[in-house]
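Have a look at these structures, which come just after this line.
Note that chain A is present in both complexes that follow, paired respectively with chain B and with chain C.
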Partner chain A sequence: MLDQTGRQTPSRRPLPAHEGSAAQRFLTGLATPGGAVFVLVLVLLLAVVASNPTFGEPDRLVRFLARSTPIALIAIGQYFVIVSGEFDLSMGSVIAAQVVMAGNLIGQDDSRILPVMALMVVIGALVGIVNGLATTLLGVPSFIVTLGTMLALSGLVFYLTGGAATGNPTDTFREIGRGGLEGVPGIELLPYPLLILVAVSVAAWWLMRRPYGVTLVATGDNPSAAEVSGARVWWVKTRAFVLSSLSATLAGIILVGQAGVHPSVGRGYEFIAITAVVLGGVVLGGGRGWVLSAAAGAIALDLLFTLLNFRDIPATWRDTVQGVIIILAVALAGRAWRGGLRLPTGRRRTPTPSRAPDADDPTPAAHPTHRPPGHHQGEMRP
Partner chain B sequence: MSRLARQSRPLRRRAVRSAAAAAAAALVLSACGSTDQSAQTEDDSSDAGSSAEQGSDTESGKDSQWFDQAVFDTQDEQRGATFEGDPEQPWLQYIDGEMTDTQQYAADGAQKACFANASISNPWRQTGWITMNQQLEVLVDEGVISEMETRDAEDDDNKQIADIDYFIEEGGCDVFIISPNSTAAMTPAVERACETGKPVIVFDRGVETDCYTTFIHPIGGYAWGIDTANFLAENLEEGDKVVALRILPGVDVLENRWAAADQIFSEEGIEAVDYFTGADPAEIKKIISDELAKGDVAGVWMDAGDGAVAAIEAFEDAGADLPVMTGEDEMSFLRKWEETGLTGLAPVYSNFQWRTPLLAAQKVFAGEEVPTEWVLPQTPITEAERADYLADNEGMPDGHYAKFGGEDLPGYPEVWEERQIP
Partner chain C sequence: MSDLAAPPTPPAPPAALRTRRGPLALFRRADSVQLVYAALVAVVLVSVVLSALDGQNFFRTGNIVGVLTLTSTLGFVAIGQTFVILAGSLDLSVPYVISLSSLVGGVVMAGQTGMIVPGVLAALGVCALVGLANGLIVTGLRVHGFIATLGIGLIISGYLASNYQGNAGKAPYEFQLWGILLLGPVPVSTLVMLTCAALGVLMLRRTRLGHQLYAVGGGREIARMSGVRTAVPVVAAHVLCSVMAGVAGLLLLSRTSVGSPTIGSQGGYDLMSIAAVVLGGTLLAGGRGSIVGTIGGVAIFAVLDNLMSVLGLNAFLQDVVRGLVIVVAVAVYARRAIPRRPARFATQEAS
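Up next, the complex of A and B:
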């Protein structure tokens, strides 16, 4: 996010991304990895429509977006964690646990829908709190913590189901994932998942503009600097983990409707989420990237898989493609963020060693002295 | 011949473990990690199957390494065979053949059974396991069996080998009942059990030895493939497209089902594309909706019924005509089949076989001869019979199997309705 740099004192030159007219800024934005993913979505969409013209019909597009909603949601959730410099590997298991719980606890009884949903939210939040506190207070790397939560939850699902499918819950509950608004002009059905995705996207975008979002990115960029500038890093990160588990919970609720109850639902979703996030140009390790780009990354990924399918490329290649994407996206995004936001060579700013850290400046990124050696950050490099 | 009768299902526990390994790999290599891969088995043959078999353009039908014309012909014939015994008790029926003399095992008083189970990690095995325990109750009451000690290998070959060896060393067993996790890996352990001189009863999936007293299984995977593919071919036109939804590669009974079906599809001029789903309903829906976007899908073939409902829902969601479809005798499919009125068939991998091993033990201890290869009937449920099976199993949960064969056992129907898994 650029917010943190927006508060620099006027004595500094503004960043390229903040210069020029709206159109120029838009183009500069598109040139960053976070913006390029939207171009990628468009290109892939055109490619898919080229291989299969019916895909361009509004009904089909809307259904496709609804189908991609669960992974877009978890990509948004994973974004919060990744941008704060951590990982959440437990998402797939959270989805599976929530799906199985919904199946077992709601059953055919409509009156249980709301209490069980409340319970699911509580459990989702609890998982996030455990992940967050173990990572921040106990100092266990999030990779290990969430791997542990993933296994623990998988075990729980296995215990609850014996590994086999249980029945689907009542259709009223499944309507959230399967149903939609009728009578919208131009399309047969406006699926509820799509409405949920729009609402969550807006909320996430808003949250990232709030002080919390700014602090979150700053924490991912440089936790020590964030700490000294007054951010409670443990709480900021813990909330990111909670957001992540809650997004998985929401994805689970939708998947119960879209797919049905089976312990395999959600399997592998943590990797899809991570792939989507890095494809959206978010830097692994934190501190860079836009939340909506993560959601766009998820859509791009699903479009890519659909394209491969329409081109009759065997599904075996999907894992390989996903792996290559992660490597390329991580490599490119790291470079491109630095390159795209750096001042052009020759106009480099001279370092200002005399400038004392501004105690009133709430933006931690403005404290270069606390940056650990080797921690590159494009616009601040001398 | 033993391999043809293996029953196999997605192996969840293993999926968990390999997902963990995949997790480590994914962030180190930043590669891998997705659905079908984590459902791998450790089956000796899975490596050959996982990549080579995927996609529609790979070797198929007769060319497949899983296709054996001789076994295909045998099972095709057995589909129409006459079964000895009372049709009201199909779990005791068998095809006339070689018998094992068991007089040496005749014993007085209650005997101890030891059961090495592959897993109960899918609804088919869970249903059978419940039935088996109710059958056990009867035999304990009759004073035939004192107790049954069970070890669950949780889909793990190594654990099952250790379980069998434990039974041999310390179990004090009078009869070994083994439901092998995989064919080749379990063979030496089964041979060790045979060397104890006690009767050994193998059921469901097979082993590569014939040292057992009896090997109990329904006809097999080819018969499933023949029943289902013939049904689709009869109800479809030449050139129609069938989407084949397969749970996972490399497990021979599932591969045999597909090899036989694929063979028939190609003979009949039906275009079939196959996908591995890991039984994940989200994956199944994606596959169907993408296939529907590509063009009409006239038929759906499944190598196991898990996920059949998701496949039908995908057609409903897309507003497409429902396909001609084969699922399984799982209640979820039978119910959805009736509700939608589609043209369908429910092939059966006779779940009642879980009763037979204990009843075989009873015969063995009585010194009565038992079939050396005990081939049980395996008859699909047709649309005409569906209503009866639905009515008989009205209170049963979706994961129950209609041909579970436990109606005359104590605890019916509550134990199955409540899924009281011991």
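Up next, the complex of A and C:
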């Protein structure tokens, strides 16, 4: 790990993302799928404002962002799991479980809010730990594990509620999803969800720059390499699942205020989260992508739906548009990551002093200048 | 697909495990297909005992017919899903393909006996086109199967929701017979499903396409360097999967007698078929597994569902049980030897 020793091999070839001036690097970043999603958000925003100018008013914009917050939050949570090379299909059920629990346990008693929220966090973390340990220690594919937790949790929630809306938490608790700070200059109300989103985004960005974040991406890119480099892969991945379930818990708390208490509140959110993450240029299978791009992907998706709304396209076509978008996004992103950040293996390695110890294992690519192509081929055939 | 695949650490049983003796050794040596059928026997025994305690006979004809009927629809979908998963992809579009097939079949037949064959052909043709689109997107655009089929599924879902507000079309009486006719205690649809499974096993074991399917799923790059056109088996698997989903849709059409735009998504066939395939011992990352195991997985689900409804378990609690069974069952043989493509040289197996 170069970061920990603080040394770099002197002749290491700089990555394209590290070359050039700040402006150049910014542009290179925008050209990657993770950066392009921010451009997409801007373009979509302009398109929405063009079809409905009132949308551009700060109040309206802020309210839109507050409504998109739950999706952005679960996209951030899903990012941690996806970048580590796994899936989390249980998010929607976790949201439903938390919403129902909040609705029934808090009731009209303000003093219960904090204990119940603590309980929700504990249960969220527990689901994450179960998902993570079953995936890493038992060796069950995460797709199956989280499918199992999804079925079990949603079945339990529907059984306990009978499938109908039950429970009515106190308005103080609902304020988290509905209310906001008043008296902020420029807008009449600064919604709490937006503040939560900003805080979570900053925290996630910070976490991804910490050793944990670096290890997480390394684990997703190549678990075996991460393992032999000293990372505890099972624990790294388990924490990713915990983060994912906790983000679903937070989204649930906000959704109590925004959507009410119903066992079907979180339905389908897991696939929306995966769509958003993928739209943000994060590669399924792990190891590529930025956390804030995942959040931007969620905003872009919501903007797209808003645009369809304003253009009077029937809501039934939403799915079709979503389908086309994710296929195109992944096709383009795959192309861009392959061509951009990852150099073809032939040109990637340059002979360096640090490679001297394993000189008994020279790859042909390490000495490209010594052998003409024809000679190389002749050598391969005895 | 290698993106999704776990690191290539084939869990081959260490030699130490093979030499141990005792009852545990038998369990350790069993491959996942044998375990699946052991689990099936166990589930049947539990069902027999619990039904008996409830004062009912598990083996009475009506109950057997019920269990076998439950296997048929999911069986068709799971056979197709096995091809796709073996090839290293996934198919999440099956529920929408099922609905599409039941609608196309129902609308073309429109209740006329003479239109049965055109209706079946039209439905399966449309499904094959969907599978072709899935396969070409996965191979040509190099989009992960998860996303490609999720996207295609959403596209179809939007089309269905926009064009069909409710049920449409009608199956003629002769076509409805397919879903309800019995041969002894065995429904004809289950026989057709088992025939399809047998053909699938033959295809995987005896044909070039089958061998290439395993090769591409096990390691696309290695298969490519060995001279396999890697796109062909993947596209073929997707087409076969969608056609099988189409057959399941036609079966549902014959049972309900009308085409329904939501019948596939209500059944949750995408995730349940994947669960059945994995329960049957097939590696989700591709390259290893068998249709025989898949049928075992489907049968376990059918017996379990039957038991739960005989016992009158709450419909929502049934989901809890299903979820737990999936995770526990897969955990039991996650580290187990999974039968690879059947050995081509018998001497190797003898050693």
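Heads up, the rule we're going with is that the second predicted complex is superposed on the first by the 333 of 382 C-alpha atoms of A that agree within 3 Å, B and C clash if a C-alpha of one lies under 4 Å from a C-alpha of the other, contacts with A are read in each partner's own complex, and residues count from 1 in each chain.
Throughout what follows, a contact is a pair of C-beta atoms (placed from the backbone, for glycine too) under 8 Å apart; a residue touches a chain by one contact, two chains touch by 3 or more.
Every value quoted in this text rests on a predicted model; they were computed, and no experiment measured them.
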Quiz item: Of the two partner chains, chain B (first) and chain C (second), which one does A:115 touch, if any: first, second, both, or neither?
Solution: neither
Quiz item: A:151 contacts which: chain B (first), chain C (second), both, neither?
Solution: both
Exercise. Kindly classify A:60 by the partners it touches after superposition: chain B alone (first), chain C alone (second), both, or neither?
Key: first
Practice problem: Answer with first, second, both or neither: which of chain B and chain C does A:283 touch in the superposed model? | Solution: second
Exercise. Please indicate which partner A:167 is in contact with in the superposed arrangement: first for chain B, second for chain C, both, or neither.
Key: first
Quiz item: Does chain B (first) or chain C (second) touch A:326, or do both, or does neither?
Solution: both
Quiz prompt | Which superposed partner A:255 touches (first chain B, second chain C, both, neither) | solution = first
Exercise. Return first, second, both or neither, reflecting whether A:230 touches chain B, chain C, both chains, or no partner chain.
Key: neither
Quiz item: Just chain B (first), just chain C (second), both, or neither: which does A:134 touch?
Solution: second
Quiz item: For chain A, which residues belong to both interfaces, chain B and chain C?
Solution: 89, 143, 147, 150-151, 154-155, 158, 163, 271, 274, 314, 316, 318-320, 322-324, 326-327, 330
Quiz item: Which of the residues in chain C come into contact with chain A in the complex?
Solution: 2-7, 9, 11, 137, 141-144, 146-148, 150-159, 161-162, 271, 274-275, 278, 284-285, 314, 316-324, 326-327, 330-331, 334-335
Quiz item: For chain B, which residues count as touching chain A in their complex?
Solution: 10, 12-13, 15-16, 19-20, 22-24, 26-27, 29-39, 51, 54-58, 119-126, 275-276, 278-282, 284-286, 289-290, 293-294, 306-307, 309-310, 313, 317-319, 332, 397-399, 421
Practice problem: State the interface residues of chain A toward chain C in the complex, per the touch definition above. | Solution: 85, 89, 134, 138-141, 143-145, 147-156, 158-159, 163, 222-224, 271, 274-275, 278, 283-286, 314, 316-327, 330-331, 334-335
Exercise. Can you check the complex and tell me which residues of chain A touch chain B?
Key: 52, 54-55, 60, 63, 67, 70, 87, 89, 92, 143, 147, 150-151, 154-155, 158, 162-168, 178, 188, 255, 258-260, 262-265, 267-268, 270-272, 274, 306, 309-310, 312, 314-316, 318-320, 322-324, 326-327, 330
